[in-house]
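Scrolling down, you'll hit the structures one after another.
Next come two complexes, and both contain chain A; in the first it sits with chain B, in the second with chain C.
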Partner chain A sequence: MIQVSNLSYGAAGNPILQNVIAEIPAGRVTALIGPNGAGKSTLLKLIARQLTAADGSIRMDGMDLAQAAPAQLARKMAVVAQHLSVASRVRVRDLIGFGRWPHSAGRLGPADHAAIDGAVELFDLGDLQQRFLDELSGGQRQRAFIAMAYAQDTDWLLLDEPLNNLDLHHARNLMAQLRHLAEEQGKGIVIVVHDLNYAISWADHVVALRDGQVAFQGPVSETATAERLSELYQTPVAITRLEGRVIAQYHR
Partner chain B sequence: MADRRLIVLGCSLAAAAALFLFWGLRGPTAYILELRLVKLAALLAVGASAGVATVLFQTISQNRILTPSIMGFDALFLLLQTGLVAGLGAAGASRISGLPGFALETAVMLGAALVLFTSLLSRTRHDIQLMVLAGVVLGVMFRTLTAFLQRLMEPSEFTMVEARMFAQFSGIDRSALMAGLGLMALAALWLVRHHRVLDVAALGRTPARSLGVGYDGLQLRVLCLIAALVSVATALVGPQAFLGLLVTSLAHSLMQSHRHALLLPAAALIGALILVAGQTVFERLLHLQSTLAVVIEFCGGLLFLVLLVRGKIR
Partner chain C sequence: MADLAAQAAAAPRRWLLLAAALLVPLALVSLLVGAGPLPLGTLLSDPQALQVLAVSRIPRTAAVLLTGAAMAVAGVIMQLLVRNKFVEPGTTGTSEAAMLGLLAVTLLAPGAPILLKMLGAAAAALAGTGVFMLLARRIPPHQVLLIPLSGLVYGGLLMAIATFIAIEGGLLQYLGVWMSGEFSGILAGRYELLWLAGGLALLAYFAADQFTIAGLGRDVSLNLGLRYGQVLGFGIVTVSLVSSLVIVTVGMLPFIGLVVPNLVSRLMGDNLRESLPVVAAAGAGLLLICDILGRVLRYPYEIPAGTVFGIFGAAGFLYLLLGRRAGG
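Let's turn to the complex of A and B:
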């Protein structure tokens, strides 16, 4: 479980997160939702320790993140950033191999190669594994980075807007894979998502942020109501059911 | 696990070195050979350190066009040299020439480079245009300050500075050469142990940190290394603006790899090869009718353009 206690963060004098208290369950898919500028990505980056909080603390499975050693954290959580670019010429397979760094420090053994093969297979990168990263489309590159994070073999996987570059097919596949990882391998998955329907259809748990504060949080089945979502986005959101699935309708 | 391309490079370098040593050997053989050996050692040292320093700088700046000289590293070194002579006077500066002088210059260079470039890199990392601009402005500032100091100097001091700044390949300071080679050996030792973490650092600060790499400490150490290597190259032969960029482009297009285990030796060998071959052509064919810098920039510029047009440089 990730426990966020009284977390505050500001940039250039503007408060971005204020007194955030949240709990993210282990072994589940948790979606961070909310309007633009609510602080979703900031919260994710604070958990990933890419930013340092002004106040408050984050504990991951009981471990205080502020105290943890970087090498220890790298075996605990893997992060996929929103903007992915690499200056050097790296092949897809080598990139995925970097995910094994926390375990192997660059000397890949049989276990590492097995983990890389597993990631290549799971994310359908077999045909691309010898290609250079800068020759790939945005979506393919994203899959390569997610495969790298998967190869890191951590309890937690943090993804900042992973659906941004993906078409319907790949977005759906990715969400299905993340669910599969949570259900079969017990990984805790935290994602920032903009598309409300992906969050409702695939996540177990939501943390909704608005103006740097938690608006509501809890299991999707309890929180995905027309009233709460309309209030959160300040936009009329209707909840309907189609073939037993909850669908948010807000397009017009 | 020596790569075939590295072996070819090594053999070409050995051939170029042999050509440089033995082509047109007449008269007092032992004496000429000794002179040529010293010069060869300097060429190898400068080429290798310029190549390695540029690869390292591109790794920590996550950019394939920046070089230490674009960012003003060698201008800083020249400013420090001039400052030293201006501060101590010609007599004082000549007392600390040789090994202690080299050690002092390198130490001052390390300190100044660390202070300047760590803050510059950490503040402008997110914005490459800003980083290049800041580097160019710094470089111009260092050069202007150097020129300003030189105007204030007495003629004897100025002669001394000039001799130091444009120490060409013909007049090599042997004690500085030995110190430089020692420094390079230390750098090589560090790189042999740490080249793998550089592969990860090239991914960028955030990804490297989330893989558990202490990026900021690593960057500090790599900057030290770059400053030391640039000091070696600049102390021996003066600024080499174009060499580093040419060498890294060639190394990248030849090796097609992100691995520093391949890139660094390739850059060192290519840098040394260009200088040795260039100097051979310059001395034996052109009969010192031009300067080596012109030869390098001409051949190098052509090659660079060809690579650019064929899309080999990215």
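Let's turn to the complex of A and C:
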């Protein structure tokens, strides 16, 4: 479980997160939702330790993240950033191999190669593995980075808007894979998502942020109501059912 | 799939073998070409020829190889740390700052031993590079050309300060010597500092993976548990020391650090574990070709290797810039 206690963060004098208290369950898919500027990515980056909180603390499975050693943390959680700008020419397979760095420190053993092969297969990168990152499309690159995070073999996987560059097919596949990782391997998955329907149909749990504060949180089945979502986005959201699935309707 | 992987694993070795195979005959040519004749047939029976070989030709060849390799390695490290393909010590103010430091030591302690001069240059280079890194951090990474351009302006500023000080102190001819890298003055006993530069390049190889990961950005580095600040620090120190050692012993050699890593990157990518030996070998080989050309073109006079490389390097730099635009 990730416990976020009284977390505050500001940039250039503006408060971005204020007194955030949240619990993210282990072994589940949790979606961070909310309008633009609500602080979703900031919360994710604070958990990932890419940013340092002004106040408050984050504990991951009981471990205080502020105290954890970088190497220890790298075996505990893997993070896929939102903007994957790449200036260097690295092969996809080598990139995924770097995901083994926390375990191997550069000397890839049989277990590492097995993990790399597994990641290549799971994310369907067999044909691309010898290609350079700068020769890939945005979506392919995104999959390569997610495969790297998977090869890191951590209890927690954090992804900042992973669906951004993906088409319908790959977006759906990715969510299915993340679900699979949570259900079969017990990984805790935290994702920032914009598309409410992806959040509702694939996540177990939501943490909804608005203006730097938690608007509501809890299991999707309890929290994904028309009133709450309409209030959250300040936009009419209707919840309907289609072929047994809950659908949010907000397009017009 | 296994075939593909094996093929990809074999490719870097092939490039390295090719580079090494070219280096050996080049080094032999370098030993035999110079103002004084050195006939192969009587070489071993002629004590004077042997002395020329030991005092001048071997040190000179070693100096060129070490300088070329170290500068190319410094360039590729700089490119990964700044995450920009168009930077090298000559376009980030590192060389100019080193010259400022060298000037300061020469002014304040004219009789200082070369090691002290080197340290003065290195300290200044370190500070100069640090300031550039802070500057570069404020430029959005997608502004690919803005970073080297700012570096050139910054380097030009440092150079202007150095020129002013040199004029006031009557040291302008020193500045001229430091600015044009050449190897004609290299003799045994006057180039050995360069082994240190070569050693630093070798040391960098042990951190090859760290540099490659740092090249993927701060967030990826932190995610993998890398101590990003330490890698950055180690890289800046290496680049500053290599640049200072080269400037103190042979003078400034621009473009090697820029052209060589870009060439190698096109052929085999930026995974330093694979490419760093090739970068070093290619830097050594290309500089040696330029030095040999410089010795031959106006025989018995010499054109500085830095000048020859500058011509090829500038053309190569333009090609990289324009090629990039054409490729989108």
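Convention: the second predicted complex is superposed on the first by the 252 of 252 C-alpha atoms of A that agree within 3 Å, B and C clash if a C-alpha of one lies under 4 Å from a C-alpha of the other, contacts with A are read in each partner's own complex, and residues count from 1 in each chain.
The rule is short, and it goes like this: a residue touches a chain if its C-beta (ideal position, glycine included) is under 8 Å from a C-beta of that chain, and two chains touch if they have at least 3 such contacts.
No experiment lies behind these values; they were computed from the predicted model shown.
Engineer: Using the superposition on chain A, decide if chain B and chain C clash or fit.
Structural biologist: When both complexes are placed onto chain A, chain B and chain C end up clashing with one another.
Engineer: Examine A:A115 and indicate which partner it touches, taking first as chain B and second as chain C; both and neither are also allowed.
Structural biologist: Neither partner.
Engineer: Touching A:A48 in the superposition: chain B (first), chain C (second), both, neither?
Structural biologist: Touch status of A:A48: both partners.
Engineer: Give one of first, second, both or neither to describe whether A:A81 is in contact with chain B, with chain C, with both, or with none.
Structural biologist: Both chain B and chain C are touched by A:A81.
Engineer: Thinking of the overlay built on chain A, is A:I58 touched by chain B (first), by chain C (second), by both, or by neither?
Structural biologist: Touch status of A:I58: no partner.
Engineer: Tell me the contact category for A:L181 with respect to chain B and chain C: first, second, both or neither.
Structural biologist: After superposing on A, A:L181 lies clear of both chain B and chain C.
Engineer: Could you look at A:D94 and tell me whether it touches chain B, chain C, both or neither (first, second, both, neither)?
Structural biologist: Both partners, chain B and chain C.
Engineer: Touch check for A:L166: first (chain B), second (chain C), both, or neither?
Structural biologist: In the superposition, A:L166 contacts neither chain B nor chain C.
Engineer: Let me test your reading of the model: by the given contact rule, A:Q152 touches which partner, first (chain B), second (chain C), both or neither?
Structural biologist: Both: A:Q152 reaches chain B and chain C.
Engineer: Residues on chain A in contact with chain B in one complex and with chain C in the other?
Structural biologist: Overlap of chain B and chain C footprints on chain A: residues 48-50, 70-75, 78-79, 81, 85-90, 94, 98-99, 101-102, 106, 152.
Engineer: Report the residues of chain A in contact with chain B in the complex, numbered from low to high.
Structural biologist: 48-50, 70-75, 77-79, 81, 85-90, 94, 98-99, 101-102, 105-107, 134, 152
Engineer: Spell out the residues on chain C that touch chain A in their complex, using ranges where they run on.
Structural biologist: 1, 4-5, 8, 79-80, 83-85, 141-142, 209, 212-213, 215-220, 222-227, 265, 269-271, 273
Engineer: Write out the stretch or stretches of chain B touching chain A in their complex.
Structural biologist: Residue positions touching the partner: 58-59, 62-64, 196-197, 199-200, 202-204, 206-207, 209-214, 252, 256-259, 314.
Engineer: In the complex of these two chains, what residues of chain A are touching chain C?
Structural biologist: Touch list, chain A to chain C: 48-50, 70-75, 78-79, 81, 85-91, 93-95, 98-99, 101-102, 106, 126, 129-130, 132, 145, 149, 152.
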